[in-house]
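A, B and C are the chain letters, set down in written order, and residue numbers restart from 1 in every chain.
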Amino acid sequence: MKLYDYILSPSCYKVRLMAALTDVRIDIRAVDFHPGAEHRGAELLALNPAGAIPILQDGDLILTESSAMLVYLASKVDPRWLGGGTAEEAARVQQWLSFSHRLTASLGGARLHEMLLRPGDIAGLQAQGTAALRELEAGLVEQSIRGMRFLASQRATIADIACFPYVALAPDGGVSLDPYPTIRLWSRAVRSIEGFIEMPGIHRLHDLKPEPLPETSGF
Amino acid sequence: MKSRTTGSWTPVALSADLPVGTVIPARTPTGPIALWRSQSGGVSAFADRCPHRGMRLSHGFVRGEALSCIYHGWSYAQAGNCVRIPAHPGLTPPEAIRVATRQVEEGDGIIWIAADQSATRPPRLDGLAPLRSLTACAGIAAIEAAAGTDASPGGIVGFANNSQTIRMLVASLEDEQALIHVLVEGDASPPERIAASRAAEALRRMAEHIQRKGIA
Amino acid sequence: MMIPNAMVDEWYPVGLFSQLDVSGRKTALMGEPVEVGRDAEGTVRVTSADGRMLPVCVRYGHIWTSLGEPRKPLFAIPEADQLGRRLVDVGVVRVRCSPLRAVENFLDIAHFPFVHTDILGAEPHTEVQNYKVDIREDEDEVWATQVKFYQPQAAKSASGGVTTEYMYRVPAPTCSILYKTCPPRPGEWDVITLFVQPLAEDLCDVWPWMALFDDETSMTDLIHFQQTIFVQDRSILENQIPRLLPLDPGMEIPTRADLTSVAYRRWLKRHGYTYGAQLVAQ
């Protein structure tokens, strides 16, 4: 399985994270997205005419939508990540998978503007991002009243993996996460899942490791 | 500066939103704070700035009974004194290195910060239980206008939603914003709690509309 | 517009030379809009908003200009001309922080275990051993030498942990050069730079650039390694209070590990390089 990947792309990170959590080995093919704009070059346009990454290739299967990649990895290796024990849960997974595209457009757009100088209406993107975060916060509050820590269920599903990256990186686009206590709890729960990996901009949870004994002996 | 609604105490967060071994940011009338809970459960409130390089301590991490800065790992005990500088493992940090602390109290599921050294105790909630906190881009006047009632002396704004009465403990923030803690009856059922959460969202929308139009 | 500051006569990066096409590039320098373009002969031109032609120099992969009158040519990096080095245009990253805070963070090693965890540092190897710092009067540059730090993965070409040696050099208020031991070529130094374009006192475009001995790693991997490191720093830089670099000694507390930063701040103060600095505590 080959992932056309950019280390700073939250959408690519969704796939790397899902692969890490399900213990799937993927071959990373690094794409010079910035500054090289390689995703708009002939080789990658042949795989994805939309000129976007990630692209996941497995045999003659070519996927260009990150949500589909999450479904593929989960179905292949560990279907528990698909959620969907009940009609309600199945619908919630789809609800948040679709919602995740709004996060990409708003928070992702603001991040590209503020960090990598892409054009855009920054005030509008940030306002849409804030609206999406409020909706996510409200949804997570209701889940917690139902006794559930994650978006669709008691355990994490692909819906959580689809929403987590752009939310965690919202401050990169100048959108504060400070006003969302329930998102903070959820984010911590996602980051505490066995096998979780970071991407640049998401720091290690150092508190998960005990205080190391000091080493003063020099090298 | 005192909050108009809750005296010298500001309700900054719900106890449930600060689990053991975590740190969160909070806003008070006298500046941003890093609110953290040690492994043994004690809550502390620090000025949200590491004295070393100015990094926000609310981005840090809690290990045991100390809060560490994410930038260089400098650690501070609950009294605010620096206890560890990882770059110099053999060094006992000088007493002079410390973070300003704030008086903090926890009761009825709410964490309160005092504006100054307060001899009084924060107000009680009388059988009400906090449900969630939300920030509104609206001042207290707009929230009162949306609810159709004034805040009580204890800082609580109540409004009716169908057969339910929903109460909000409101603290004003700078820039015409407010922090709303939604309170429900202690024995409220899950459907009632979800209804209260949705009603508070609707009230916030109305208050923000009033604020934008300058109606309040 | 006049900037009452000695920094106005310095050179600043305003774009990658390799990325400059006919459409040109609109950007800013110290609050003033500037436009980078090429004339009919292909010569690079930089113009200010009031139509002034600004001085131009193309070096180290970047286009450099100044709003004032530079008293000396752009600082030299002799290693950049050495045969066999790969020259890496890392590309721009914008940061909402003081340009001086961005440089100071680049000079710091003590944050490696916490911010660049398992790459440039890892607990329990957090100790910063003594190193040497001086302000070299002849060159008028800040230098730190004999800096050593344990690193789990010091470079893209490194496998496994090593103690890496560093030298830091500040030849201009918003530029720094790091010399780092080079795993494939003992005896040589890899060159990693941080060129900072001050857009405003609290906003900058950062242009990392490298000249490395590494024939194995792909160019894209080299770019991504450095972007990873810098974006890990970015969330720190955007959350320091105050945004401006405090030059008042009472405002922040340095230790022995921070001697490079102490010298950098002293040097800035001495020259009146205060664009992006805060002189008195507020």
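Of note:
To be clear about the criterion, a contact is a pair of C-beta atoms (placed from the backbone, for glycine too) under 8 Å apart; a residue touches a chain by one contact, two chains touch by 3 or more.
What you see is a predicted model, and the numbers here were worked out from it, not measured in a lab.
Chain contacts here are complete: no pair of chains fails to touch. If each chain is reduced to the average of its C-alpha atoms, the one that sits nearest the average of all protein C-alpha atoms is A. Averaging Cα coordinates per chain places chain A and chain B 28 Å apart. Inter-chain spacing, taken between the CA centroids of chain B and chain C, is 39 Å. If you average the CA atoms of chain A and of chain C, the two centres end up 30 Å from each other. Residue positions of chain C touching 2 or more other chains, listed in rising order: 114-115, 123-124, 126-127, 235. Touching of two or more other chains is recorded for residues 203, 206, 214-216 of chain A. Of all residues in chain B, those that touch two or more other chains are 59, 70, 73, 86, 89. Residues of chain A touching chain C in their complex: 6-8, 30-32, 34-36, 38, 114-117, 171-172, 174, 200-201, 203-204, 206, 209, 212-216, 218-219. The residues of chain B lying in touch with chain A in their complex are 13-14, 17, 19, 21-22, 24-25, 27, 58-59, 61-64, 68, 70, 73, 86, 89-90, 131-135, 190, 193-194, 197-198, 201.
Interface residues of chain A facing chain B in the complex, by the touch rule stated above, are 134, 137-138, 141-142, 145-146, 178-179, 181-182, 184-185, 188, 203, 205-207, 210-211, 214-216. By the touch criterion stated above, chain C contacts chain A in their complex at residues 16, 19, 89-94, 96, 114-115, 117-118, 123-127, 129, 148, 150, 163, 205, 218-221, 223-224, 227-229, 231-232, 234-235, 238. The touching residues of chain B, counted against chain C in their complex, run 48-49, 51-56, 59, 70-73, 85-89, 91, 96-97.
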